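What follows is a set of structures for review.
Shared chain: chain A. Partners: chain B in the first complex, chain C in the second.
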Partner chain A sequence: MMKYSFFPGCSMGSTAKCYRLSLEYVCRQIGMDLYEIDGWNCCGATSAHVMNEVMGLALPALSLAKAEKNFPHLDIATGCAACYSRLKTAAHHCKNDAGVRYQVEKTIGMPYEAKREVLNFMDIFGTEEAMTAMQEKIRRPLKGLKVACYYGCLNVRPAAITGAPDRENPMTMENIISLSGADCIDWSFKTECCGGAHQNDATTETRPLVDVIIRNAVANGAQCIVTACPLCNMNLEMRQKEYERIFGTPRIPVFAFTELIAIAMGAHWNEIALDAHYTDASKIIAEAIRAGKEADVK
Partner chain B sequence: MSNRTMASLMRRAKVDPMDCYQCGKCAAGCPMANSMDLNSRQIMHCTQLGEAAYNKLISSEAIWLCTGCNVCHERCPHDVDIPSVIEQARYDAIEKGKIRRKSKIFNDIFLTNLKLTGKSQEAFLALIYNMVSLDIFQDMNSVPHMLRHKLVSVLPEFIKNPKEVSNTMEKSKEWGKAEK
Partner chain C sequence: MSRVGVFVCHCGTNIAQTVDVERVAEAAKSFPGVVYSSTYKYMCSEPGQAMIKETIEKENLDRIVICSCTPRMHEVTFRKMLKGTKINPYQLEIANIREQCSWVHTDKEKATEKAINLARMSVAKVLLNEPLHTSSIPITKRALVIGGGIAGIQAALDIADAGHEVVLVEKESSIGGKMAMLDKTFPTLDCSACISTPKMVDVSQHPNITLMTSSEIESVGGYVGNFDVTIRQKAKYVNHDICTGCGLCETKCPTKVISEFNQGLAKRPAIGKMYAQAVPAKPVIDPNACRKLIDGKCGLCAKLCPLGCINFEDEDKLVTEKFGAIVVATGYQLIEWGELYPEYGGGKYKDVITGLQFERLVNASGPSEGHILRPSDNTEPKTIVIIKCVGSRDPKKGKSYCSRACCMYGAKHAHQILDKIPGAKVVTFYIDVRTPGKNYEEFYDNTRHDGAIYVRGRVSKIYEEDGKLICLGEDSLLARKVAVKADMVVLETAMVPAVGIRELAGMLGIAVDNHGWVTEAHPKLRPVETQTGGVFLCGVCQGPKDIPDTVAQAGAAASKVIGLLNKDSMETSPMISKVDESKCAGCGFCVKMCPYKAITLEDIDVRQGPKTVKKTVAKINGGLCQGCGACNVACRTGCIELLGFKNNQILEEVDSLCL
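Here is the complex of A and B:
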């Protein structure tokens, strides 16, 4: 049974358009149902928990309580690392600390028992059932495409909350991307921080973080980077012209990991808005598809 | 709050300062250490010095530059929750009006958007932030691309019931006051 409550998060409706379209495409293909939480609200990342401890737990709990009310038997899925971290932190504390739960329930004016798990889409697509279903739908493998899988911080850390089995060298995204036929490179910066929201309010301090991430991916032979978070994706992708000018950083396409799966499943270019990316990826994708077809003929 | 002291900060953070033996593995992995006036190891040293170093800690820029990536805590051989210390230090700094200028601008705009609409308004956040912080042209060269591909909306978007969010935010603030 592949059914989940779905917390889209704010970026999924705007800057993460490609992520959302490809995510929905993959779900349609494999028969996975996402039920959007009715009346969900922003989880407050990054400002709420920085400014007020209770607010940082109550805002995500408000959406979680609604999910619990509407779909009491479903786990909660979210595609953003920051949302995932906030929702999971709130659920964790409400589950394990009666005092926190009392405080949160009083604040949101709703009961919240934290019975269901909060999951990110690597957890969800990484299950055997989903992997088998995706494998069956791959129509045009992306042969020879060299991919750097970037996890960022909050999908993995803190492990006490996320339960990530490997906090330094996670492999879930590589396992999923391998289904598309692409080759995942081994590299050193997959769980380094992109700077998050500090790319707005501490620019001189955080810009170099992305420079080293991109350089390390390119140095290890990557042709593109894939992410599992709208903010990581934007931070790695949007300012590449600026990075090129300031640091001489090489330019490289950055995708949501679901986009590569969707392409390999046969998604049309416009169907998942591939032209909305800042760096043109049409050449490397077309090449990988061609290589895939040739290998198929042989 | 009257008891804004290092001892109370560490109690709230649920960290024993003496758990840290100053090996520096946290700072070695910290992505922001280069830019910080106090790196994570030095922050833990402040907590060990106690009240004498309290002001130094909560007035530092470092607590506002921390991205919350949690590398320090994950790699700490003694499982010291440094992000928790930094989080509590920020709450104390806010209480004492010592918040870093740009962080205050960013967070205030973010939370005002959230209060009014129930959502984060990425375009408005960036635009208003640039005007208030006087970094007028920051990221502005991405705007044509975003508008062309409809990656941002020119009008704010609202959730179903923004009032629930503003109520939750108001009530959250009352807990802090009750503690005093």
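Here is the complex of A and C:
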């Protein structure tokens, strides 16, 4: 049963247009149903929990409580690493600490039992059922495309809350991407911090963070980077011109990981807004598709 | 009618400052049974003791209460004092009015009141004290040393030199332990093998030492002076009685496996000595690698051996021997850092090595004959990063404790690199530099003068790029991030207890702490004893330490063993549990509770009217019982009582306070 409550988060309707369209495309293809939580609100990232601990938990818990009320049997899916972190943290604390749960329930004014799991889309597409379903829908493999899978920090950390088995070298995204026929490179900055929201306010400190991430991906032969978070995606992609000017950082296309799957499934350019990206990736994608076709003919 | 004397000690001002001792003495006069009370400045001093003895005679006292410090401090002193008097040494009670009163209170009025109550309770108890008598047990004049590292070697030699028989048990095929793997030792840089191998040879040649290698402890029974220890001698598949150690068998062995001695940096054949200077200098077969033992093919070594020593049918042997004392010297191993530090590659980079691997690399008898070469491509590294406290001082990642030796061997590694590789660059990341030993600080200073760069901070990540290991870290003194492009990284990893220490401790009835280090009987005053009589400890099994401390501790443990074995018999404490067989139901709860394995169930004959019937009862072994009282609590019929702490004595104390 591939059904989930869906917490889109604020970026999904704006900067992460490509992510959302491709995500929905893949879900349609494999028959996965996402039920958007009615009346979801800001998850609080990344300021709420620094300002007030209870508020930091209550904000995400309110959305989770609504999900629990409307879809009591569904796990909660979210596509953003920061949303995932906040929702997961709230669920974790409410589940394991009766005192916290009491405080949170008082604050949000409704019951919240934290019975269902909070999952990111790597967890969701990484299940055997979803992997098999996606495998069946791949129509044009992206042969020879060298991909660096970038997880960011909050999809895996802190391990005590996310339960990620390997916080330095996770492999779930690689497993999913390899369905598309692309080659995932081995590199060292999979879970390094992209600077998050501090790319807006502490630029001198955070700009170099992205520089080393991109450099390492390129040094290991990547032609593009895929992410599983709208903010990571934006930080890696949107300011590449600036990075190039300051540090001489090489340019490289950055996608949401669902985009590559959608392309391999045959999604049309427009269907998933592939042209909305900042760095032109049409060449490498076209080449990979051509290579895939040639390999098929042989 | 009992005649009790109460003696209140001032302990200088330790007690008198917070407790009005005169008032305590005055109040004591009104307690039932008390015929005399007085105070004195230092009760434990020579004149103090003389005063007590005089008073006993003069006042015809038959039991006394001393209000002073903790009984742990001077109970033994005062019992000894009573030996020459008409009072039995166990007709004495100590009221602890120092540690449990004056030291922990500030209000003199309330403290005095409490001291009076403590005295009152002691008087109530002493009235019920019965004379107790020590018994003596014979001592087997042989010692067992478990572990053949430098600690065990030193302890065995010292005990043997004093004229006592020693059995040294080592689980590997050679003694020598970790010290045999090391290249040079700080701070004098003398060659580790040159100072340890002569001792190893001494062990093998000493007439009083029996060496049992490839052996492990199977079970331990008995008690101080009379341990029965069963030792498993693992199959060696080579008859060491005939073998001359010629080494021919090793030459043609087709199986090559990872060498543990070389820390995985080289391979070894399935038959052979552990290393060139091994003691005994004779080979054994590794049953997990040998083709003949695994699938029955090969047997080349047997064909080569000119003396026919190889015996593929060899089996483990169990021997049981008697010992008077046991020394635990099981040492340490290094923490498995891979899982703890995925950010350092978790073991996937060949050139990120441990300190012990570096020792093998830099050692002239190691795989690279002393040339420092990268394990990945056998080239000489130019820039080397040393990271200290990997797994140490970090409860979130590894262990909370400091491993003590790493600061110094880290400095030694830096020195050796700068010495052996011209133009080399060494960057050492540290939290603190701790060099409290003799000449240690000077050594560290010299290393920095040699050119080692010390960066205060931790390395957050190591990754490979363009054939270099990039170490990202922080210089916390300059508050800036640093990145070092290194050719090789040496991790000075934490020491952790040897495998199997918990099982061994269980057999010996000794305690280990939450990390697995063996707990000493008292951290300051009984550092080489355990809380089980006759079992001593030395070396790193007690906690991380360097070679000088290990050898010193081994000597200390040996002297304790010699002191014990020099006696023909020893006194046992009479304050042990006693079973009232008429009440005992034989349920066996106490047997399970006893941490010292001192209780067994036994069938006895009892008269029931005209008939004699069998009955199962608990029996206490006086040699093993340490008087902890655990069985008292477990006993459902209340038939076990601890002599000196009987139920009625304790209840009387409580009544005197509360009623």
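The definition used in the following text is that the second predicted complex is superposed on the first by the 298 of 298 C-alpha atoms of A that agree within 3 Å, B and C clash if a C-alpha of one lies under 4 Å from a C-alpha of the other, contacts with A are read in each partner's own complex, and residues count from 1 in each chain.
Definition applied: a contact is a pair of C-beta atoms (placed from the backbone, for glycine too) under 8 Å apart; a residue touches a chain by one contact, two chains touch by 3 or more.
Remember, predicted model here, so these are calculated numbers, not experimental data.
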item	value
When chain B and chain C are modelled together on chain A, clash or fit	clash
Touched partner set for A:280, first chain B, second chain C, both or neither	neither
First, second, both or neither for A:36, with chain B first and chain C second	neither
Superposition-derived comparison: chain B or chain C, residues of chain A touched	B
Which superposed partner A:201 touches (first chain B, second chain C, both, neither)	first
First (chain B), second (chain C), both or neither touched by A:169	second
Partner chain(s) touched by A:188 [first = chain B, second = chain C, both, neither]	second
Which of chain B and chain C A:219 touches, first, second, both or neither	second
Partner chain in contact with A:53 - chain B first, chain C second, else both or neither	first
Shared chain A surface residues [contacts with chain B and with chain C]	167-168, 192
Residues of chain B touching chain A in the complex	31-32, 34-35, 64-65, 67-71, 73-74, 83, 87, 90-91, 94, 102-103, 105-107, 110-111, 114, 118-123, 125-126, 129, 133, 135, 138-139, 141-142, 145-146, 149-153, 157, 159-162, 164-165, 167-169, 171-173, 175-176
Residues of chain C touching chain A in the complex	342-343, 346, 461, 463-466
In the complex, chain A residues that touch chain C	166-169, 188-189, 192, 216, 219
Contact footprint of chain B on chain A as seen in their complex	10-11, 13-15, 17, 38-42, 44, 46-55, 58-59, 62, 103, 106-109, 153-154, 157-159, 167-168, 192-193, 195-198, 200-206, 208-209, 238-239, 241-242, 273, 275-276, 278
